[in-house]
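We call the chains A, B, C and D, going by the order they appear; numbering starts again at 1 in every chain.
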Amino acid sequence: MDYQKILEDIELEIKPMLGDGKVADYIPVLSSIDPNQFAMSITLFDGTQYNIGASQKLFSIQSISKVFTYTLALKFYADKFYGRVGHEPSGDPFNSLVQLEYENGVPRNPFINAGAINVTDALISYYHSSESTYKEIIEFIRSIADEKEIYMDKAVALSEMEHGYRNISLASLMKSFDNLDNSVLDVVQTYFNHCSIEMNTQMLSRSMLYLANHGFDPVTNKAYISPSQAKRINAVMLTCGHYDASGDFAYNVGLPGKSGVGGGIVAIVPAKMALSVWSPGLNAQGNSLAGTKALELFTTKTGLSIF
Amino acid sequence: MDYQKILEDIELEIKPMLGDGKVADYIPVLSSIDPNQFAMSITLFDGTQYNIGASQKLFSIQSISKVFTYTLALKFYADKFYGRVGHEPSGDPFNSLVQLEYENGVPRNPFINAGAINVTDALISYYHSSESTYKEIIEFIRSIADEKEIYMDKAVALSEMEHGYRNISLASLMKSFDNLDNSVLDVVQTYFNHCSIEMNTQMLSRSMLYLANHGFDPVTNKAYISPSQAKRINAVMLTCGHYDASGDFAYNVGLPGKSGVGGGIVAIVPAKMALSVWSPGLNAQGNSLAGTKALELFTTKTGLSIF
Amino acid sequence: MDYQKILEDIELEIKPMLGDGKVADYIPVLSSIDPNQFAMSITLFDGTQYNIGASQKLFSIQSISKVFTYTLALKFYADKFYGRVGHEPSGDPFNSLVQLEYENGVPRNPFINAGAINVTDALISYYHSSESTYKEIIEFIRSIADEKEIYMDKAVALSEMEHGYRNISLASLMKSFDNLDNSVLDVVQTYFNHCSIEMNTQMLSRSMLYLANHGFDPVTNKAYISPSQAKRINAVMLTCGHYDASGDFAYNVGLPGKSGVGGGIVAIVPAKMALSVWSPGLNAQGNSLAGTKALELFTTKTGLSIF
Amino acid sequence: MDYQKILEDIELEIKPMLGDGKVADYIPVLSSIDPNQFAMSITLFDGTQYNIGASQKLFSIQSISKVFTYTLALKFYADKFYGRVGHEPSGDPFNSLVQLEYENGVPRNPFINAGAINVTDALISYYHSSESTYKEIIEFIRSIADEKEIYMDKAVALSEMEHGYRNISLASLMKSFDNLDNSVLDVVQTYFNHCSIEMNTQMLSRSMLYLANHGFDPVTNKAYISPSQAKRINAVMLTCGHYDASGDFAYNVGLPGKSGVGGGIVAIVPAKMALSVWSPGLNAQGNSLAGTKALELFTTKTGLSIF
């Protein structure tokens, strides 16, 4: 298939939609981003990349980082992790306290905020400190992306913390249910740190190859997790990867994926490739508007879908 | 692959679990069923079947019928249907009114009770009467199962109606939001009628081939729905097919499927085959306990999974 | 105190507010009422009445009838009634299903719709039929109002039933929890019948004397209920009498009272008098806007308040 | 009336119930208290006191302090306060986040935890620091109780903070909705400080005289708040003073009152007297079991009730 041609066609069709969504505005640093930007990258198992648009432009990966921290947590805790964080869709906005309270402080899945905060807490317990935890997370991302120059945007991390009272509320609630081991502020700051990492679509599509290929990197042959763990992360991405629009994404796109409020989305075609798309304008559920459409066009044009 | 051997191995491993679950007891007719029963069937695209256990024993298909009515509704209404019934996971027990009230009478998806009742209402509007609707549903099922001898268990249908106040409550609530066209009692009785259809695992696995094969039957070559519609039904089965354990099923089994409180489950391996399993003992979420485990063993043993 | 002068002052102050609220529009018969109407009546223990405005104009008493049916239920069932209907404020809009579902079909109090429907059901069980129940209710009202010419508006009762799916939903939900003895449609129709009774403020203020006077009528000396039962009904009026604005009414008015969406309100000053006010424009919580204000002015001007 | 005799009768009847309830156990310091204790005090407008049981024994006043802080807030902010904290019953357990989230961070009333924390925040803004706020609160309590020797139990205050994650969660949630001005930890610590003040029933019944007497102390003639403010605090005590059993208290006791998990309750008979009772065993809603019963016996024996 001529992937470059497909990307070009997608860009043409997507152009009129750019600017339709709403850039994340809960922190000042993110709200000033130009919504008329677009990038898309495909990485095949031999490492070949196809790119379109601003594919070298860095952006805040935000919730996409939850895929990486969940990978680390699953690797070290395996299924023992299940009592702390479930893997059911939440059926509620991503930062809702209601469900967390009714379900006694056990988050529904690792991709809603409470779940990802809990995963970060588990990693801090495993790595013994928030500093070493952040270090291990970013080293892991650099490894799977095969790229050393990946960093956190400290201004974003600080600004998140300043406006992070809802996440502090979620973490405190889990702690009141004895489902958080470490200090609330430490855990939340570490969580914001990994959310504030910056990448571009080239790096992100490259970084997801291990999930498209049963847990090991087809280019470097490094094994990160077991095939069964990779399969499970993909299942959680499919059922819970897009907040309250996860069903919509499965229905229209049909690929396991994960979005972030920075406007990025990653997705995989099992046994074939990994993709990433970026456009900062968001839809009502907090997912990239043009990005979601671009992936839907991709599966329509290629017939690639897990269903 | 030696599917017969695989089914025999699964049966051996499943035996000790039989009787662990709890038979559905909300109506007397269902509560008297012996939980120590098990059956499993596989149907390939050339029509070959592999069976184990009581694969000719008829049972109440219950919520599995929702797949068939949703197929008919999608065929006739296509995406116009979306305003009436969504396709997001619900994150709440299958018969919850809470979410329906907060979301103004629009059910989250066609596989929770409210959604399936709404789908039945749409079919009655399309077919002009509850009688003709039921007739079209059962004829459709006979066609996709390639089997004429499929009938409703009238005793079950009547008993459901007698104990059906929660579903009447759901239908009345939708009607109060102007999201139900026909008479509450007519719609609910028609819904119970198609839930009370009896099939066995041979028939059920045969009946799902069209969903594994882009909407047309690979044996008879009859086209039922478009490839895109088939893909979408599969997506909804994956994200919403097992009530509040849909994430669990995706995580552990990794196939689009649908369960019913009669103890049956159907599932498909896209482009390969359709399966059905039956064991009446249910887990806490209302899905067949041994049946779910059997499908998990199947994907583990064969490596077949969409992820 | 010169009550007539006080009523005249209140009318003057209230005039500019008339028409500010929104007439109940859930059924056509009620929506056509002119909102610029106002009436207020006071009845003392010797039977003396003070009136202002359209105090002879009949209107639909609606939820005010719940006070009368609760009186009958408490009289016959006494505290045995408690397991069926509670007496706690609901903290939710008056017709919410959410709380009813979470609390297993036991309504919070007899003044939300579910509670009043349940009370009607208990009366039907006591009086053996819906016809005799309605007859006993209206005879009771005629007796406490000391007025034979009180009737139901059949057009309202029929229209309520036609648009009554939410109440049918509530009743069906209670029945699914085994907390309703009689037929859903019978109970709901009887409930709508007593809601559709028409009275004016003269009749209504007269009818409440028994609650201001420990359960017996100070004019006729008829004993209706025990002092302890009267005290309890007053307590429930204070904490639950105005839907989700009950706290507001206690805070600003400080008298036990009950409102209806027809625009009427009744209230009592214990050991002193009974009052009724009417103005069809409603506030956001479904209580008469001008009527609530008139009662607030009354307690401010007279210093009469239970606090 | 012979109040001493009435108290003696109440004590006799209450004795068999002592030890039935469950002492608050969310912090170790409180859980070790002997539940078989009882005290009751009445203070008349001339200062005369009637006491029974351990009426000089100090205990943690806990949520009773919310009456005092609300008094101060109402005094300084008057009705401007309403947009920050409502005065509706909550219909949910006292520390529920659900309602707070649905209602955008505005607590239902000043007597649920979120509301009282918000009141404390308002006082800190008024008094400029948490230290001066605590000082003003305790000085106010000493003044209305006419007793200088009233202190905080610092061990309780510290222990509350250590186990206070749910309250920190509530405060953080309000801050995320911009409904909290000061630092979360400062506000919550100040809140815990005033909850940890120790008093006995003699002091508490004395301290409530101003609310029974239109806002000014009948013994010292000091005016604390306006008659209208006193009336409103009493209304909120009646509708919201006992968490999710406020309706029950109004129904069975019929007096404005406020309970605390330390086992204390205060109540007033408007224009007549103030009361306090103490017994550490709590019922399911967190109110003193024997204390509630004692007050019910009091109103039954004396006929004193606002209804």
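The rule is short, and it goes like this: a contact is a pair of C-beta atoms (placed from the backbone, for glycine too) under 8 Å apart; a residue touches a chain by one contact, two chains touch by 3 or more.
Model, not experiment: these values are computed from the prediction.
J.: Which chain lies the greatest distance away from subunit B when centres are computed from Cα atoms alone?
T.: Result for max centroid distance from subunit B is chain D.
J.: Report, in whole Å, the distance between the mean C-alpha point of subunit A and the mean C-alpha point of subunit C.
T.: 55
J.: So what's the Cα centroid distance for subunit B and subunit C, whole Å?
T.: From the centre of subunit B to the centre of subunit C is 47 Å.
J.: Which whole number of Å gives the spacing of the CA centres of subunit C and subunit D?
T.: 32
J.: Give me the residue numbers in subunit B that touch at least two other chains, ranges are fine.
T.: In subunit B, no residue touches two or more other chains.
J.: With touch defined as at the top, which chains are paired up in contact here?
T.: In this structure, the chains touch in these pairs: A-B, A-D, B-C, C-D.
J.: Quick check on the complex: what are the subunit C residues that touch subunit B?
T.: Against subunit B, the touching part of subunit C is residues 96-98, 101-102, 165-166, 168-170, 172-173, 175-176, 184.
J.: Residues of subunit D touching subunit C in their complex?
T.: Going through subunit D, the ones touching subunit C are 86-92, 99, 108-109, 230-232, 234-236, 238-240, 244-248, 250-251, 254, 256, 270, 300, 305-307.
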